[in-house]
């Protein structure tokens, strides 16, 4: 547990000291968590300073035949893009295994949103993820949109994905992620009906919050497009070192804010993108950087959802 | 106030000395401000060396239902892009509050061009911006084009936006920014009629200038696409550190020129883009860099417009 | 040959030590090569640690009249894009000669997949590549798709390319690369019939593996899109220094893994892209970086294919 | 003048020494200039080591009403894009004046290809360019394609541009650059007829060469897309610092080659792009870097063409 004195001493060594400000300066309007501040200046009920949630999306193998890939979209209709398929295979043959090694090395537990059809194609790998202590969460039965499905079809789409994950891993998912985050008007109701406790398809905050769905509490554990390999790496917008630098900048700012607010950082890796050597090297460097700070904790999203749901200071919308 | 001797001593420490040249070298053709040089070598009437204007665009909440976002433009017609909406919500839930903290930390006053409908949706936040000393400026009633509107419609579009800002913040805006900078042939006349003193939809100079509109002086406080988050960050062209480096390079050159010309630097942040942790960290690093130089002043655009309008050495077109 | 002790001592100097882990930690499921570990901890039959395969694609001169180039695709039909042609000419006038100098300087032997028509246009250069010790491999007769060709047409397309290379260089290629990696359903069968021993149009692994084609072993020496100039440089996604940094990050991770798995790194340069001064400077810096590590070996793809085919620990699919 | 001994001593300080190789190693096939090597190891008749040609394109003001700009291409037909026009105005109000200051500071003479209509719009600035010692070259009468014009129309298009430049600057251009480098089949013949001595619309080499046009020698002084602001900066592919790093890498490699071949480096800046503070800061940093090496010379393209035309060792095609 960190005392304020220790924190200042420490942060001054990494140039953050100018960002530290006494809690009393914080203006009332946004400091809804101010009551949560205990005498060690933490805003998480478990005493953490900054909570980091890592996603490892398990999708490869479940992609449709014409799924987007780095290859030019010039295939003549009626032919299969064979090298594109091998690009996806990389996700389960190299990507997830490599990431699993890294998570273990830093003893980080992550959340893996799993496409149902991908799990059925590679059950042993899905099972290993759970055996290593990570969260198996749901990501739909197939790699396709659900926001446009009728209620019953969408419910089946979600349920089938849940059953696939449960059958293979033994775990019933409690967290959901829709294809491209695109839930429909019924999605949250269905999730509540099916016993989910949280979803991630929201980008509005840097901390979890609670909404009412079917008159019951439901947690939102926000996702990220900023620290997300599919947004930055697949289209070759960023090099792996740019991804790394952005993670560090994101971390520096959120960590400095964590003194006066409850803060969470979200990072997302996809099997065939985040699992490349370049990206795992970037992740490693980030973990080495972040774990040097006191009070930085990596947690699964189901754990974060529970912390949020059970705590009176969590933001409610 | 900086003497020339001090300046040279100081700039030599940051490697700028080779760029400093005696005013006498400057060729006549472009040094319209040469008369403005006082014995402390400043070209601003208030004695500043380089003036920096920061924009904080207040737009989120006012976006149309199908507004552009980082999500792929593949939504089926008739469905709402729910995660895209949460991406915008971030602007007022996290973005502007975070930026406000940073401006205070460096005691910088900025200009916030506010979309009328966005202000009506989040009045408390708009009001807080003004209470913290920033400028509330106008940005149209809605997030839509005005260059194609008939005269009266455009006038109403602008007036309604003004009234929305005034109603919420108590301040009547004097500065204008059109959607995507795209004013029409009537826009400036309307602005003059409505009592505006300046607009920013011009990229032609690195200093303010005066034009005649309806036979009266009207100030142009140039905007920027180069140091603009929506141009560089939203489309993932640049990482946050690239944005930072470009700001520094822009600053270095303009600061070196400020010895022989009146110079202004413009930087633009948008609520949901510039307000992310990564970008606020970049802004912080830039402010730490820029404020180390003597004579660097951050000012609101209404103040800059007044300085320009009242000074005989301001460029007139 | 490196001892484990030497390796640890050395790697600690470059910050890799935290990634080294005893072989005993490696989980069984993915360590198919575990039996290959000899007492010097290498997984390649020749005692190498990490094998690097460099491609130098020989295509310029064989491009179609309307081939993609950095120029905007706005030419009026019926006119030739003359500057685009000179952009391609650079490939054989400057690009390949420059790369050949660099390969010699580091004594690296590379694999050159050669388009048949390009070879016929510049036979002396093709011949020089072979005379300097590099591998002449096949890349089709023309710069065009083959996945859509009927069996006999595709077979002729491949054969004609082989004959062109053989006629000019005296070497009969044993390795194949399809245009944009896009083989068809018959391609591998045809390659096996024509006496090829390997192909590269697969991205699924970071090491070579064996598949059965026509009931006979056939080697797959995986290619790369990650360390590939046409993917990252031609479209100006990356600057040359970003390309360099990604190579280093890829190398660092694969080298650290090479202690517990058989690992191969693939890098691809194209005549008119990788042969520019900027990119050859990047390649030089990478080679200086990589060759400082023990056990790093650069090999031609035909050699790698042979090592894989003759070794009992090679992955079989 | 540099002796070989000096060169090695010097280059070892910048890490280039590993690239230096005795002339005797150079293979015959590409070293057409080998006879040119004098006892000071230079391949330029004037004793220079590496020749750098800087372009400053004078185009703004001559753009068509719907010219491409950084603004989104969403204007409704029939309306003028007013802010886009101010983006172009920046080219002559700030861009060229700023670059002229930098060229003077480093005593560099550049080549300015001038669009006829742009020159007529800002004659004083065009004249000042020449008065400061830079080359006024031709770039067509208007900002439009010429490759698709009939012979007589194209000849008039070129002539009119020449006359505009001559009328304003007093100089008759001898060098030509077509819009987007896109000359037609008749262009070179017309240029020869009109008394031009060189053109730049060729990317095939890193040194000037001679071609026969109408049975007379005509010089080609190659242009660049690699070190070209319109290719890398306008579309926000690169940040200004990436542009700088690529210039340095290009320079490092070409300088190392200049020991054994005649080498030229081409850099291109456009008024409204290269003339921004960020880019002029990048140019300044590059000049400081490059001018530290011995034998680096900046020359106008007309001078380079003359050196090439009068020298027996120049490559002939």
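A, B, C and D label the chains in the order they appear, each numbered from 1.
As a convention for this text, a contact is a pair of C-beta atoms (placed from the backbone, for glycine too) under 8 Å apart; a residue touches a chain by one contact, two chains touch by 3 or more.
Only a predicted model underlies this, so the values are computations on that prediction, with no experimental measurement involved.
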Could you name all chains that are in contact with subunit A and with subunit D at the same time?
-> B, C
For the copies subunit A and subunit C, give the interface type as same if over half of its residue numbers appear on both sides, and as different if under half do.
-> different
Taking each chain's centre as the mean of its C-alpha atoms, give the chain farthest from subunit A.
-> D
Can you give the rotation angle that fits subunit B onto its twin subunit D by Cα atoms, in degrees and rounded to the nearest 5?
-> 90
Averaging C-alpha coordinates per chain, one finds the centres of subunit A and subunit B separated by a number of Å equal to 35
Residues of subunit B touching 2+ other chains?
-> 237, 242
Could you run through all the chain pairs that touch each other?
-> A-B, A-C, B-D, C-D
Name, in rising order, each residue of subunit D that touches subunit C in their complex.
-> 18-19, 21, 27, 29-30, 145, 147-148, 180-185, 201-206, 222, 225-226, 231-232, 235, 237-238, 242-243, 245-246, 249-254, 257, 265
Per the touch rule, the subunit B residues reaching subunit A in their complex are 70-72, 75-76, 79-83, 86-87, 89-90, 93-94, 97-98, 105, 124-125, 128, 236-237, 239-242, 276-278, 280-282, 284, 288
